[in-house]
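Sending over a structure as structure tokens; questions will come in a sec.
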Amino acid sequence: MTGTELPLLAMAVPAVGAILIGVFGRWPNIRELITVLTSVTLLGVVLQILPLALADDFWSTTWTAEPLVLLEMLPGIPLTLKIEPLGMIYALIASSLWILNSLYSVGYMRGNKEKHQTRFYMCFALAIASVMGIAFSGNIFTLFVFYEALSVSTYPLVAHKGTPEAVRSARVYLGILVGTSVGLLLPAIIATYYFTGNLDFQPGGVFQEALANERIVGPAIGVLFFMYMYGIGKAALMPMHKWLPAAMVAPTPVSALLHAVAVVKAGVFSVVKVIIYIFGTTSLVSTGQGEWLIYVAGATIVIASCIALFQDNLKRRLAYSTVSQLSYITIAASLLSPLGYMAAAIHIAAHAFGKITLFFAAGSIYTAAHKTNISQLDGIGRKMPWTMGAFAIGSLSMIGVPPTAGFISKWYLLSGAWETGYTFVIVVVLLSTLLNAGYFLPIVWRAFFRAPPEETHHASMSHADGNFGDPHDHGHGHKDHGHDDHGDHGEAPLPIVFALTCTAAGTVLLFFFPDIALGLAEQIYRGLPLP
Amino acid sequence: MIDIQANLPALIVVIPLLGGVLATFTGRGILPWAWASLVTGATFALTLRMMATLLQSGAPYISYELGNWPRWWGIEYRVDLLNAFILLVVAGVGFITTLYARESVNDEIAKDRHHVFYAVWILAITGLLGITITGDAFNVYVLLEISSLTVYALIAMGKDRDRRALTASLRYLILGSVGASFILLGIGYLMMVTGTLNMEDMHNQLMRLANLDTNRTVLVAFAFLLVGLSIKMALYPLHMWLPKAYTYAPSAVSALLAATATKVGVYMAFRFLFGIFGVGFSFYAMPSHLILLAMASLGIVFSSLAAIRQNNAKSLLAYSSVGQIGYIVAGFSLANPDGVAGSIVHIFNHAVTKGGMFLALGAVAYRVGGTDISHLRGLAKRMPLTCGALALGGLGLIGMPLTAGFISKWYLVKGAMGSGMWGLVVVVLFGSLLALVYVWKLIEAMYFGEPTGRSAEAKEAPLSMLIPIWILVALSIYFGVDATFTGETATRAAAGLLGGTP
Amino acid sequence: MIEFPPGLILVLGALLLPFVKGPVRGALSLLLPLATLVAVWLVPDDANVTVSFLQGMEMTLVKWNRPTAVFATIFSLMAFGGALFALNQNRKVELPAAFVYAGSAVCVTFAGDILSLFIFWELMAVGSSIVVWSGNTEASGRAGLRYAAVHFLGGAVMMAGILAHVFALNAGGVENPLLLDYFAFGPGGFDALSFNGPGDIAPFLILIGILINAATPPFGSWLADAYPEASESGTVFLSAFTTKTSVYVLMILFAGTELLIYAGMMMAVYGIVYAILENDMRRILAYSIVNQVGFMVCGIGIGTEMALNGAAAHAFAHIIYKALLLMSAGSVLYMTGKRKCTDLGGLYHTMPITMWCGIIGALAISAFPWTSGFISKSMISQAAADNHLFAAWMVLTAASAGVFLHAGIKFPWFVFFQKDRGLRPPDPPWNMRAAMIFFAVLCVALGVWYEPLYAILPFPNVNGPLYEPYTVSHVVSQLQLLLWSGLAFFLLLPVLKRTLTITLDFDWFYRRFVPVLWRSVLKPVVTVFGWSRDVFFIESKRFAGAMTRADTEAARIPLFREWSLGSAMVLITFFLFVFLVVGYTH
Amino acid sequence: MSDHDNDTGIIAKLRAPWQSMLDESPKAVRTFWVVSLVLLLLIAFADIFVHHHEHFGIDGTPGFYSLYGLGACVVMVLGSKFVVALVLKRKDTYYDD
């Protein structure tokens, strides 16, 4: 067994899961059990693939083996699946976090009595199947196909509530994502095929030959690069970021896994993949057409952070933070240096763990306290210490403080910046550190150190730290809506607290044990053609 | 017993012709439908066999002389890869829509006219098949009239549901007749110059003309034909007959028309522009491709916009069809292999996609009593399979990957790039985005709206409707996933057209 | 044998604290620092505990550097004193945070490589920010946010510098570029730099990162901003670690860097000037931290063995007496709830223990003979004199006098004597008194029995004592200096009249200038931009509506109207005409 | 906050900060001053007997430390109060607005 067929299995597991969920939709317990089982199975499959991607002789064996052809869509344009280290990181993150997210979803969807839960779980599984397709795609065309599948399968999740606002936001979501991908990415792919006759991902890119025999010239590379970068709207490079805040109307598990991990990571993953495996370092460096991306991504980091500073809605603030953090990955990749690529790969993992924790916390607050705005969060950490503790850890990871995963990616990003000599990137990272601290820490402070509204009358300075609430003490949040504003609540349901505790722990563990992520990142590094 | 294999081309026309005539004697009840199904089914089988024969023989074309008259005197039926493919589409869609028609026709047309309906129905299909198979220019006109007149009648039969079908039919009749007479005039002028009605002969004679490019008769013929064909294939802005006709026709008729009628118009354009006038004249000597491209581009943009404005799902799809014709015309106007192949493949892809969608709307009308957007609201809960088909078909219209529509777009964009027509690339992709908008109007209504009135109690469509709907939708997905057959056939057919063989 | 960083006892132990209550918690909070202290001394001399990190990099978690012993010991001791002082306060978050903070500081002193040093350095910032927040007031919240932002920014600057240097070392083919030895810039490595590559800017970035933590102006305004806002016990913790860890790191990396002499001189004078103008008693003490750290920084800049010993010893002594002073101030605050000198006075009536401990601390900070300050501070002046650094010596000497003025007399005078405000609070609870007495005893004990401290200094000499503080000349000259500056204080008392004012510092830039800049320049620009964007979107929406919706008034565009048959015929004719014309004219 | 000093004479100004303690025990204050001044003179004249090791010349001068301590403090206080404060002093509610 060479393992090349495993990616197909990785795609099939959630797809089959989706069907089963649909079949057993009437029985919530079975349906949700299937979701969880599917996610566990998927992780099992992905873990089977991992050793192949980490193997020392990966580039000479697994990579050179014939790719798994799903089908030949058009003559000469097959849909292929292939194992690749960067995709491995992405698949691993998505599949492992899906387990926690499934648990979380159960708590959240039941806790908030959401409708259409079968559709929700089905689309979720389909989205994960698409994610696996993206992660293991063997050529840019396959990636595009699953990229679109992901857009479509997540649309019902964004529009889930069916309110006019949800539908409108979902329109923006789909409009921008499909608009950019059809309007820019697709023609870019077709043009790539037109110029090179080759759409396969390969280290060093596909353009070298065309450049050498002058079938394509530098400026054309530049135009194509632009089309790719903005065509991948999921990377939320400004000004194509509007869909991300719009998508926040979705139920929180969706925001958490999809809009912190799966969908946005599909975007930046594609960006990195295109840079490394379609354009290749040499083509971009020799033509000098990729440099603008550094400045655009840098501007995105800073501007999105500035916008985040002024958001009072928690999920919106997180969304703008995501916009900013995604551009960390983009800027790292656009440095076009091996260390930059490593930084990009690692930040995909690091940001995933941190941001999903933050979103889980936001959803936990919503479930337990029905609060969505930061200004309502005074003193909430005393009632929900686990939630807000996790939130604090996630925040530190965003700022890049040890011992959290964010530190490691910042480490590599700065290394890459020095390697290439872009002082601009250094300045951006410093500024962004400041801004991240500026918009995350006030939330943590409010939650833990500000007296909750009803306690202001008899706040005592020295006993204001509150008790560590019992995570089991919940379940009354819905019966007495009249008291919600008075904070008569404890922690969120157990599955939620469990999930967010796990991701927060993951954020810290990734700092101490980054070996897998680093190993895969180094594998990318090893595959690059020697200069 | 006649030799089926030897007389295949003739049988493809003769069987439905006779079948159509005989249908008037089938009386009431289920019989007319059963007969029609039998006839169209047999015809479809014949076209399949035709295709198989052609592919097996490896010959560029199969020629059949009716009554064994030499072709320059008599009528020649000629089947090459292109029209075998179109025949397959017409007969296939004809058969499937016939299967579908039973419940829908029961519902929409008075019981005492069913035998008439099916007779006209079969004859319409016959006309379309005939246009496609014949190699004789005048025969084209004759069959065109047959198909046109029958279609007028079919549309008018929508009056039982909505009186406006009559005016729509009249409108089509007037404009269609103008188009047909323009075509007749064009053919006439051509005969004056060449002295023949056989297409291949005509081409050869024209090529022999020393002053072809400046010959005024040829030019006038060209102009008349182009305008006439544009009307027939509903190229923007000469599409004025189409939206109302599609909207008010009986459900099955809308599907049949959308899938086949305009496509046969396009096929005629292929034959005349590529086959008779030749690529050199049509696209290099005359700058007609620029005009066609302009019309197509405007059509893509404006009829898509118009589609977005519609509040009736059927007129929405009708306007969308005008836009899709724009893609097809734009493709062959490029006159390069990818473009023409895109055009041909889109004839097929659009036929199955749009056919499926119209059928699904028919099912909606059958259960809910109308096809307004308000009827569709929240319907996905009540009629999940129908709505699912509509949604999948919609994705095909947008050109989402893994649907047939994407394949067409791939070829078209590649063709446009090959000709350096970057503007067309933009238009095609912009059209996709507009398609996204109007398709999403349907999807939002179906999946995220709250049902009212009859929609709230609607049941899933009957199986006899669902199966045909899903056959077409499944085809549109299958040929999006594995487009090797359609893609290669289209590419080869395109090579044939560009090579100049009629 | 200890095979892990002793500081981890505190860091990890801190995580247990939230889960225990009552006496167990109290016992744990006192035992953890003591265990750390013991562990520090159990680390074998040749310890070299390494772990691999980040694929192929090696972190040295435990290693004795020259100043490790002094700093690790005092940090552990300080954690104990602070915990004792905080024992009755029962703050759920503050103590664990303070322990993480203290423990990380201990870990920094044992770090043998730059990465682990930096990691604990950042962890300190986390812990200390929480300690500031534990003041639980609006002001402490805001100050804590500013504090955290400055420190995380400083950390990032330092990290950028570290990576620049690592990059340069990697390019030079160095085996393990994280080792602290490669980062010892010192006089040779730092002063002779050119700006050619990233490696050259590295020391500057690292230095800025450290100086931010050392509260060197203009980077240092966070200190006086945040420390006085923390809780009574919080300030005590805060006073000890951040700046002194910076001193430690400066000593390791930048010993002998001339720039630091001037930085130190500036800090010494700055601290005095601002303290003189200050009204808040804890802020007076906060400024005096800057002043005292200035002595240490200056010593590090001088860089001789004597100077470094002096800096280390002074850090040791300083932590004790500064904590003592802040405990005293904290006790006053705890019992009266007042922190401004204008509200205080006359407390000697009822708070004798607090008063006497405060006075002992004040004498120690002023380096009176037989107090801990005397045996440490003078080493630095001595080093300056030995190296003929006239300006440095003059400034340090003047600053010594100034310290007595602003911290040695001003603080006790205005708080405990001066005008009686009628406040009659008793001495604070037993644990606070115990903590104060413990540190007061230490202050005096060190002043008298200084040999054990001298023995653990970075350069404990081999041939007899390195420095002899108690010469007649030294005692006399010090007494002259201090007593006459005391005279100056009492003569100038009318001028020193306390006012309800604050003094602007560099934090003005981010507390005032940036907000004003935002309000008056950037926000209008953003508003106009947003406004034009809104107009654009509204107009495009209207346009899109007109194009896509049939039911709006604006939507009745002729383009979409249903054509009449007549116009259709005209159109057909038109196209026929077009084709004909094209045909004829091509 | 004023210390209710209505008198403007120099003696009155010097007395003002002590007023509260003078009210309580004037004797203690007087003793404090007398002892302090004696001590100051004694320690200043100790230079006659003690030789300071000089590094820069000036530090060996008798009375140097006394005068330097006094002078440096006067300069620093006056400099702070009349130069620095002029530019940087603000009401203590400055940042709260």
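A few points about this structure:
We just call them A, B, C and D in the order they show up, numbering each chain from 1.
Methods note: contacts are C-beta pairs under 8 Å (C-beta built on N, C-alpha and C of every residue); 3 or more make two chains touch, one makes a residue touch a chain.
Source: prediction; values computed, not measured.
The fewest steps needed to get from subunit B to subunit D, moving only between touching chains, is 2. Chain centres here are Cα means. That of subunit A falls 45 Å from that of subunit B.
For the pair subunit A and subunit D, the distance between C-alpha centroids works out to 65 Å. In this assembly, the C-alpha centroid of subunit A lies 35 Å from the C-alpha centroid of subunit C. With each centre defined as the average position of its C-alpha atoms, the distance from subunit B to subunit C rounds to 78 Å. For subunit B, the set of residues that touch two or more other chains comprises 437. Looking at subunit C, no residue sits in touch with two or more other chains. In this structure, the chains touch in the following pairs: A-B, A-C, B-C, C-D.
Those residues of subunit A lying in contact with subunit C across their complex are 396, 399-403, 407-408, 410-411, 414-415, 418-419, 421, 426, 429-430, 433-434, 437-438, 441-442, 445-446, 448-450, 461-466, 468, 514-515, 518-519, 522.
Those residues of subunit B lying in contact with subunit C across their complex are 171, 174-175, 178, 182, 213, 216, 219-220, 222-224, 226-227, 230-231, 237-238, 240, 244, 285-288, 291, 302, 305-306, 308-311, 437. Across the complex, subunit A meets subunit B through its residues 71-75, 77, 144-145, 148-149, 152, 156, 159, 162, 166-167, 170-171, 174-175, 178-179, 182-183, 186-187, 190-191, 193-194. Contact residues of subunit B toward subunit A in the complex are 395, 398-402, 407, 409-410, 413-414, 417-418, 425, 429-430, 432-433, 436-437, 440, 444, 447-448, 480-484, 487-488, 491.
Those residues of subunit D lying in contact with subunit C across their complex are 1, 3, 13-14, 16-21, 24, 36, 39-40, 43-44, 46-47, 50-53, 55-56, 59, 63, 65-70, 72-74, 76-81, 84-85, 87-92, 94-95.
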